[in-house]
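Starting off with a structure, shown below.
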Amino acid sequence: MTRSDTGRAEAFSDAVIAIVITLLVLELQPPETEPGGLLAALLGQWPTYLAYAASYLYLAVIWLNHKSAFTRIREMDIGLHWSNLGILATLALLPWPTAVIIDTGKTGNLTDERVGVALYAIIGALLCLSWLVFFSHLARHPELTEEEVEDSYFARERPRAAAGVVLYLAAGAVGVLVHPLIASVIFVILPVFYGLTSHGIEHRPTFLRGI
Amino acid sequence: MTRSDTGRAEAFSDAVIAIVITLLVLELQPPETEPGGLLAALLGQWPTYLAYAASYLYLAVIWLNHKSAFTRIREMDIGLHWSNLGILATLALLPWPTAVIIDTGKTGNLTDERVGVALYAIIGALLCLSWLVFFSHLARHPELTEEEVEDSYFARERPRAAAGVVLYLAAGAVGVLVHPLIASVIFVILPVFYGLTSHGIEHRPTFLRGI
Amino acid sequence: MTRSDTGRAEAFSDAVIAIVITLLVLELQPPETEPGGLLAALLGQWPTYLAYAASYLYLAVIWLNHKSAFTRIREMDIGLHWSNLGILATLALLPWPTAVIIDTGKTGNLTDERVGVALYAIIGALLCLSWLVFFSHLARHPELTEEEVEDSYFARERPRAAAGVVLYLAAGAVGVLVHPLIASVIFVILPVFYGLTSHGIEHRPTFLRGI
Amino acid sequence: MTRSDTGRAEAFSDAVIAIVITLLVLELQPPETEPGGLLAALLGQWPTYLAYAASYLYLAVIWLNHKSAFTRIREMDIGLHWSNLGILATLALLPWPTAVIIDTGKTGNLTDERVGVALYAIIGALLCLSWLVFFSHLARHPELTEEEVEDSYFARERPRAAAGVVLYLAAGAVGVLVHPLIASVIFVILPVFYGLTSHGIEHRPTFLRGI
């Protein structure tokens, strides 16, 4: 049996997100050290661990939101496919500015650190923008959603995605104009905040509430 | 429950395309620079960004066409499996000539640039050829397609694939004989053109038209 | 048709575990040698082969346990999703301490070897801890499991996971205080022991017993 | 809905084979050359292209046989899961001796070339052995196969797998005792022969015969 458009888009997205989230963790390598210096070298890598943990959490939140959105989608048109491919393209970019920030942290040049957080802010804003496009398409095409989903459901998801675009750009601006470290802290907090307040997760079936 | 031949071929193809499209994006690395030179280094990489964007678009179009074709396939025989494996083998090759073109662009040797676009043209033509074989097999075996699909459907897909073979080879010839840059521009335009005019996408269910 | 939460979590977990287990094996590279020295170089890599075999076995046991647990799960809530994402995050870390131990084995510095086995013990304990969280969540939420599963089933899985946390930390302590080699041997034995005694495997349908 | 044991084993195997077959092709890199030397460098890599083509064909045949076998499997027990995991472990090893042979071909040391083909022969024999174990398990457990499958079906698959073990070891012996090149040629022919004569492919539904 041929799988439906939704089934294949979900399987394809699962594969893409699984590759990005796994390669992120697999990139951890044993540090090069002089004999006897392993412990210090491992401890000295803590910013890398923090960056990996933050990226893993972010991608996990994205997967949960993706899954949550697709349980409400009955059918896909070509516009929704392209929106989904846009989300996948931008989330696959995330490891790149993450690696740039880790690199600038090592050399400690303030100009480069500003460029690094600006790059991260742009990619983060693009990712929120791709979700905004995705939700807007669904809001304009209620015929694509499951019958039991309220027509206003995906319209109500839009402001949160739009806020994300603004927040990432604002964090980048603060990082460039004030100090890069403030931007880095906001980058870690934003996905946690989005994860905890996710609409898709709040509106789960009644018998699962209060967990 | 064991999945059908179609289901497994789709899942296997999804995994292969997901790996190729994701590793493409993940290959972006922070540039090596002197302190303070990050911004210039990032901006200087623009041909790489363009090449990645073009490759991502191309592979996304291929995935959409693949999905579109398989919604019309009811059953697979060994010939269709091998045609599909041929498509997967050639699309997985795409990052290779892409990387060769990026490399020749960096050194700027005109002889090498001609070789680069010729290689890309050959791989692009092979990819169109593998689709031509795939569509021809389906055109000769209507018993493999879903009942509601017109017998002439896949026969009508053949000229577009055949044109692709000719167009890629012609672009390569122009690149070698006139200037490589012309070929590179055609390589970016071709998949966009194929994406916009895709038969599978035009013939979508009535209620999705006009999106 | 949109896949259920359970279906997507299983597909996503399959993809993550498949990537980790495959990249592990694919990391084997031809050794760099002087002409004529290949045989000696290949034989000299035996600790690497052993480490890969042990890691493959460990991840295979984890996949079997994961599959076994999910045949008993009817529905997922957000807590169970996060527990599952925690298991995936820690199992994807496994190749890292494995590579560290292989590296310390090559240089042969005893201090570094102690750090290596301590790191492995911590990651191994974290992995068992993530299973403990997963089983505890299911034990507290019988409404998530299939009807034919006894309410006490996942509660009875907890002591084995808790024992794993203790055993890994104990092995690490012995490795640091007595000798790292003892810890390495325990790291190879533990997953085999867990594989052979797995609850999920013992309680298989009657007609499959005695295999 | 939780997927059955068979469904998950198929999805997991698809992911592993997709990763191995794709990374194989993706490993092709632009050659490092002096300006103007690209064409010669690309043409000089022909043994690498041949090795990749042969490995791709081999893995494609394995995937087809795997798919073919699983359409006849109704249910999996733990022994069948371990047999399947054994097949996956050995097929993921294939790129390793392939890379070793390519490397020894570059240096051209005859002793190393003998070691290379011997290594390939051992891994090839192990792969056939893992299929032999898989088929034997199914032959002994007819309760695991679909009802319409003859009880003798998997018993009849065993001699071909056993022959593979012998043929790979014989090819390796010829490569070591006579000349490595003879072994390399046999390594390319063997999977083609197995692909063309595959039992699972011969016994396809009547209406697909003669394709």
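As written, the chains take the letters A, B, C and D, and residue 1 is the first residue of each chain.
Criterion: a residue touches a chain if its C-beta (ideal position, glycine included) is under 8 Å from a C-beta of that chain, and two chains touch if they have at least 3 such contacts.
This one's a predicted model, so the numbers in the text were calculated from it and none came from an experiment.
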- Query: So what angle, to the nearest 5 degrees, turns subunit A so that its CA atoms land on those of subunit B?
  - Reply: 90
- Message: Given that subunit C and subunit D are copies and touch, would you call their interface same or different according to whether over half of its residue numbers are shared?
- Response: different
- From subunit C, the most remote chain by mean C-alpha position: B
- Length of the line joining the C-alpha centres of subunit A and subunit C, rounded to whole Å: 27
- Message: I'd like to verify one number: the distance from the centre of subunit B to the centre of subunit C, where each centre is the average of its C-alpha atoms, in whole angstrom.
- Response: 38
- Query: Where does subunit B touch two or more other chains at once, residue-wise?
  - Reply: 4, 11, 15, 19, 23
- Note which residues of subunit B are touching subunit D in the complex, please. 1-5, 8-9, 11-12, 15-16, 19-20, 23, 77-79, 81-82, 85, 88-89, 92-93, 95-96, 99-100, 103-104, 107, 109, 111-112, 115-116, 119, 141, 143
- Message: Considering only the defined contacts, which subunit C positions touch subunit D in the complex?
- Response: 4, 6-7, 10-11, 14-15, 17-19, 21-23, 25-26, 28-30, 33, 35-39, 42, 56, 60, 63-64, 67, 70-71, 73-74, 146, 201, 204, 207-208, 211
